[in-house]
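Please go over the structures that come below.
Two complexes, one shared chain (subunit A), two partners (subunit B, subunit C).
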Partner chain A sequence: MLEARLEQAGVLKKVVDAIRDLVQDINFDCNDSGIALQAMDNSHVALVSMLLKSEGFSPYRLDRNIALGINLTSLTKVLRCAQNEDILTLKAEDTPDTLSLIFENAENDRISEYELKLMDIDQEHLGIPETEYAAAISMPSAEFQRICRDLIQLSDSVTIEASKEGVKFSCSGDIGSGSVTLRQQNNVDKPDLSTKIELTEPVTLTFSLKYLVNFCKASALSSVVTLSLSNEVPLLVEYAMGSGFVRFYLAPKIGED
Partner chain B sequence: MSTTKPPHIVLLPSTLPSTDLKIITLPHPRTLVPTRYLVHPTQGLHEITKLAAPASIPRSWLLTPSEPSSPPKWLGNGQILQDGSMYICTPMDPLFVLLPRLFPADAADAINRFLPMEDLFEEITKEEEEGDWGLVVGSQVTEKRLAAVCESVDVGDERAYKPSREKLMRVLDGKCVRMAKGGLPATMEEEFVQKPLTRPMAEIMAEETERKKGAESVKELEVRSIKKQEDNDGERGGSDGEAAAEGAGALFTPPDSQAARPRLAEASQEVTDLLRIRVASEFISNNYLSISIAEVLSDRLQKSHDFTPLDSYLSELIKSRQEATAMRSDDFTLKRSYQDEEGIVDRKRKKKEAEEAEKKKKSVSRATKELQKADTRGMAKMTTYFTRKAA
Partner chain C sequence: MAEEDSQPLPEELSDAGIEVAGETAKEAAKILPSIDNAKILKGETYTYHSPIPKSIQEDPKGEVILGVDEAGRGPVLGPMVYAVAYCLKSDNPMLREHKFDDSKKLTHTLRTNLLQTLTTPDTTLHRNLGWSTISLSPRDISSGMLRSSSSSTYNLNAQAFDATAALITAVLAGGVNVREIYVDTVGTASTYQSKLLKLFPNIAITVSKKADSIYPIVSAASVCAKVTRDAAIEVLVPEGEEIGSGYPGDEKTKGWLKRGMDPVFGWEVGMARFSWATAKDMLEGGGKSGGVGGGVEVVWPGEDGAEQTITGLWGGAAGGGWYGRSVHGEF
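Let's turn to the complex of A and B:
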């Protein structure tokens, strides 16, 4: 039996919105640490990993671990019926056929209850090792989103070059080329707008912009995004939430040009 | 109302004075069931075939005296017979009725010695009442026919005979070929030769014309078909005595007779001839030969005629017919063969799957579709970086 109460339905709405274009059918794994999911996109070059920690719920009750097989399109339909400020309660049996979602609106004392049919999804889990990245860039998520959207006008792929001076996003396509460079800066008044680079060695890698633009849909989750790069490993794009995270992994483009 | 049995209508051979004729009972060569035959001391055996109107088109007879002034006693002023059937007597090779005895299915019973004709007859007719057999055996025709299937040696001033399968086969083979030569009787030709050889497209078109002609030809149908029957039998009987009354039950002529609707068989003459021989042999086998002899005959025909062109043509036809049916089953789903049933189920399943895939595709967002178009060249799979966790 699962019972998880989320103070703001908006959190789940944003999480689902962030990943539903990347993956369609997905298992929500409920265990003691919280509700987690992990899935690769259809081409298996990207991976999304999400965790909503149990601390984020009040209360979070779980008798035994369960997996909720959910079609994200369907879940989105149900979540559209919730307002961001609604209190969301998830309920499921131990071997569930359905997931109940209850939206409570404190303001006008409305309670909406929805049942979502679950499905059996065969999913493999990948073990993601702890990695020391050569470069970790944290920057405003809106800034990252803007850069990606600008550069995709010119090309399908972007080269991210991390050095001591800053991080340079550059691309070149049929109509020309372009680049955006962000220098390290510390905004004391608004720390969210700072750009920080932790660097052990300079890294230059190329990535598909279509995927990066897609990841940026998670910008609503957090004002800060962290890009972690190393040669020979996938790029990690992390959106941290108060009690959880959404992480995207993307394989670099190798051997082209 | 008279209590006597109503008369039967029997067509007798016109050449014979009816006073000499006798109806006898002999075992049928195929089934060994006692069957009525007509016998004449010199002209030999005649088989009696009943022509009955099908139940769907009931018929009756109206008999009137030819000279109303002096009607025959039995007829009176005329008579109506409820039973519309007619019996036709046609000459028959007496050999057929003797075959089961001359060449028994069990080899142990076979006659292996040379015997004079009288002894041979005795051998054949033993264990039987003499009466009816005597009439068959006594006729000149029978003796000649018997000699044709026997090896013979001269013993002093007499000839002795021994039944020979080899000779029998030669005779039967000859019968098949002769029957086939120059075409089979019209109704048989239509049903067993033309139809099986017609290409499906021609068939469809022919059906169209048939529908138009069908209505008018029905009326004159019976008279004409019976007449034709007589003609055929007359000719055949004269030639060889193997008169072929068409398989007793299958006598009703379909509304579209050969004359009304000439159908162009596209098969080559060779193929048509082969099929005629095959049909003839089947007809003879099914009507006059015991099963064991029929088998031997079909083997013999396989050896003496090369049926491969016919077989390949027929198999080709079957294929094209199936194709034609498949084509039509698209138009009228009711007209489908059983073989298509599986295909249809298969098609339905595929359609359903396609629909589901389509539905799934539609539910996918634009962004997802966009993402699927992303160029992933040079990008390694996630599984190359991260190892699978044991479930």
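Let's turn to the complex of A and C:
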């Protein structure tokens, strides 16, 4: 059986919020490393991969590996019944038909228990190749979200240009064009507000803004986002959490110019 | 006009009975010069121009009045027909004698008879009244309205205006001395009037509501449009099929759409206007419209033009052997 206790229900709420526009039905794979999921959107342009490490739970008990087939819309409904500060416990049998979610509110000694019906989801996993990226940019996640939301008003795609000087996000559409450039900068007082670029060679790629704006819903999970780019491979957008991550991969557009 | 139009036409169905009306329309379809079976079935838009009437040929300087009206703007089925009718201004009383009126106030038989007379040589009508129609096919209406980017959509009003302008231009090009134009309004009368005035600055243009019952020349256009559209429907609808009024609110029409729908391709392009919400919802079905219809969800992988896929990129990198490997290998 599975028993996993999460100090803050908010973490799972935010994770589900971040991915539910990309996929509907998904397997939560529970094994010794923790609870993981991986899924592609219908058009196979984007992939999301998430891990909540077992260390993030206290306790984390698992007798044998199980897959919890979950409809994210349904899970969202149940998670709405939890407050961010509630303690969340997930429980399931070895061959589960349902997932139990227990929310404990320490403040007023309330215990809420929900059972969510599970489904059989036939899902292939994609082995994600090890990649040496040409450029890795880490920046405040709020900044990245703002840039994507601003630029999508002008165009449905953005060109990301990483060079030694900085990173430039540019787009052009029917009404005109726009660009935002961030220079490398180190904020000593607030490291989360720094922009860092690790570069082996300059790289310029174009992506669909619709997807990026979607990914940005994960900004609530982490104040820092890392964008990793190389030619001919999908962009990696990573939100790291204390004990886990949400990673989005997005195939670049071709033939834009 | 849109409001009037959006009502089914019960009085028409009851006055002659569907069978009789169907028969006369079938007869009309055979002889009407404004009906082109092949083009209607293929879903092509086409135009018909009557010869210039003798009375106008004999008096080329005489002042001519021209009326514009339409039929089949609201229905989800069949073409939208715009018609112009024109005659010497001095012949206007002749139209009243023939009892031209708003096509909806005339019975089906009366309308068909009027057009039959009009197309029969050596009748007063044939000698004096010229007419043209343009039948905008469901295919063309829908593809205009459904263009992919909202900035380039060609909405129904714009299509209607261009059709009207094209008909008038063609009549003028034939050397007809049109001095006055009467149009049944589409939308706000004043904006429509000023748009037409820009194209035809030297002609007195009157755009008004109910023009089809006020001005006999508009009534004549209205009859030409209505009979042409009804005949086109007869060409399109297979024998014995019940399509109702053709308006999207009509249960019979909806029933016909549902029965005849191909889950992938929908309907014959000459028949149904895919851009009408009724048709669109049925065909999309299962999607966000909540499964109203039985349409199959169609995924267009190349829709964004140049999107690569994750599987394509990594499949190449991993030699295509990515199937079945557990994601947990990664951790």
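To be clear about the criterion, the second predicted complex is superposed on the first by the 255 of 257 C-alpha atoms of A that agree within 3 Å, B and C clash if a C-alpha of one lies under 4 Å from a C-alpha of the other, contacts with A are read in each partner's own complex, and residues count from 1 in each chain.
The rule is simple: contacts are C-beta pairs under 8 Å (C-beta built on N, C-alpha and C of every residue); 3 or more make two chains touch, one makes a residue touch a chain.
Just so we're clear, the structure is a prediction, and the values are computed from it rather than from any experiment.
Novice: Taking subunit A as the common reference, can subunit B and subunit C both be placed on it without clashing, or not? Answer clash or fit.
Specialist: clash
Novice: Just to be sure I read the superposition right, which of the two partners does A:Val233 touch: subunit B = first, subunit C = second, or both, or neither?
Specialist: The answer is both, since A:Val233 touches subunit B and subunit C.
Novice: Does the superposition put A:Thr73 against subunit B (first), subunit C (second), both, or neither?
Specialist: In the superposition, A:Thr73 touches subunit B alone.
Novice: If we overlay the two complexes on their shared chain A, which of subunit B and subunit C does A:Ser208 touch? Say first, second, both or neither.
Specialist: A:Ser208: touches subunit B and subunit C.
Novice: Between subunit B (first) and subunit C (second), which, if any, makes contact with A:Ala92: first, second, both or neither?
Specialist: neither
Novice: Contact-wise, after the overlay, does A:Asp21 reach subunit B, subunit C, both or neither (first, second, both, neither)?
Specialist: The answer is first: A:Asp21 touches subunit B but not subunit C.
Novice: If you stack the two complexes on chain A, which partner ends up touching A:Asp29: first (subunit B), second (subunit C), both, or neither?
Specialist: Second partner only, subunit C.
Novice: Which positions of subunit A sit in both the subunit B and the subunit C interface?
Specialist: 40, 42-47, 124-129, 156, 208, 233-234, 249-256
Novice: Could you please specify the touching residues of subunit B with respect to subunit A in the complex?
Specialist: 363-365, 367-368, 370-389, 391
Novice: Going by the contact rule set out above, which residues of subunit A touch subunit C in the complex?
Specialist: Subunit A reaches subunit C through residues 29, 31, 33-34, 36, 38, 40, 42-47, 49, 51, 124-129, 156, 174, 208, 232-234, 249-256.
Novice: Can you list the residues on subunit C that touch subunit A in the complex?
Specialist: 149, 151, 299, 301, 304-314, 317-318, 322-331
Novice: Could you please specify the touching residues of subunit A with respect to subunit B in the complex?
Specialist: 20-22, 24, 40-47, 73, 124-129, 156-157, 208, 210-211, 214, 217, 233-234, 249-256
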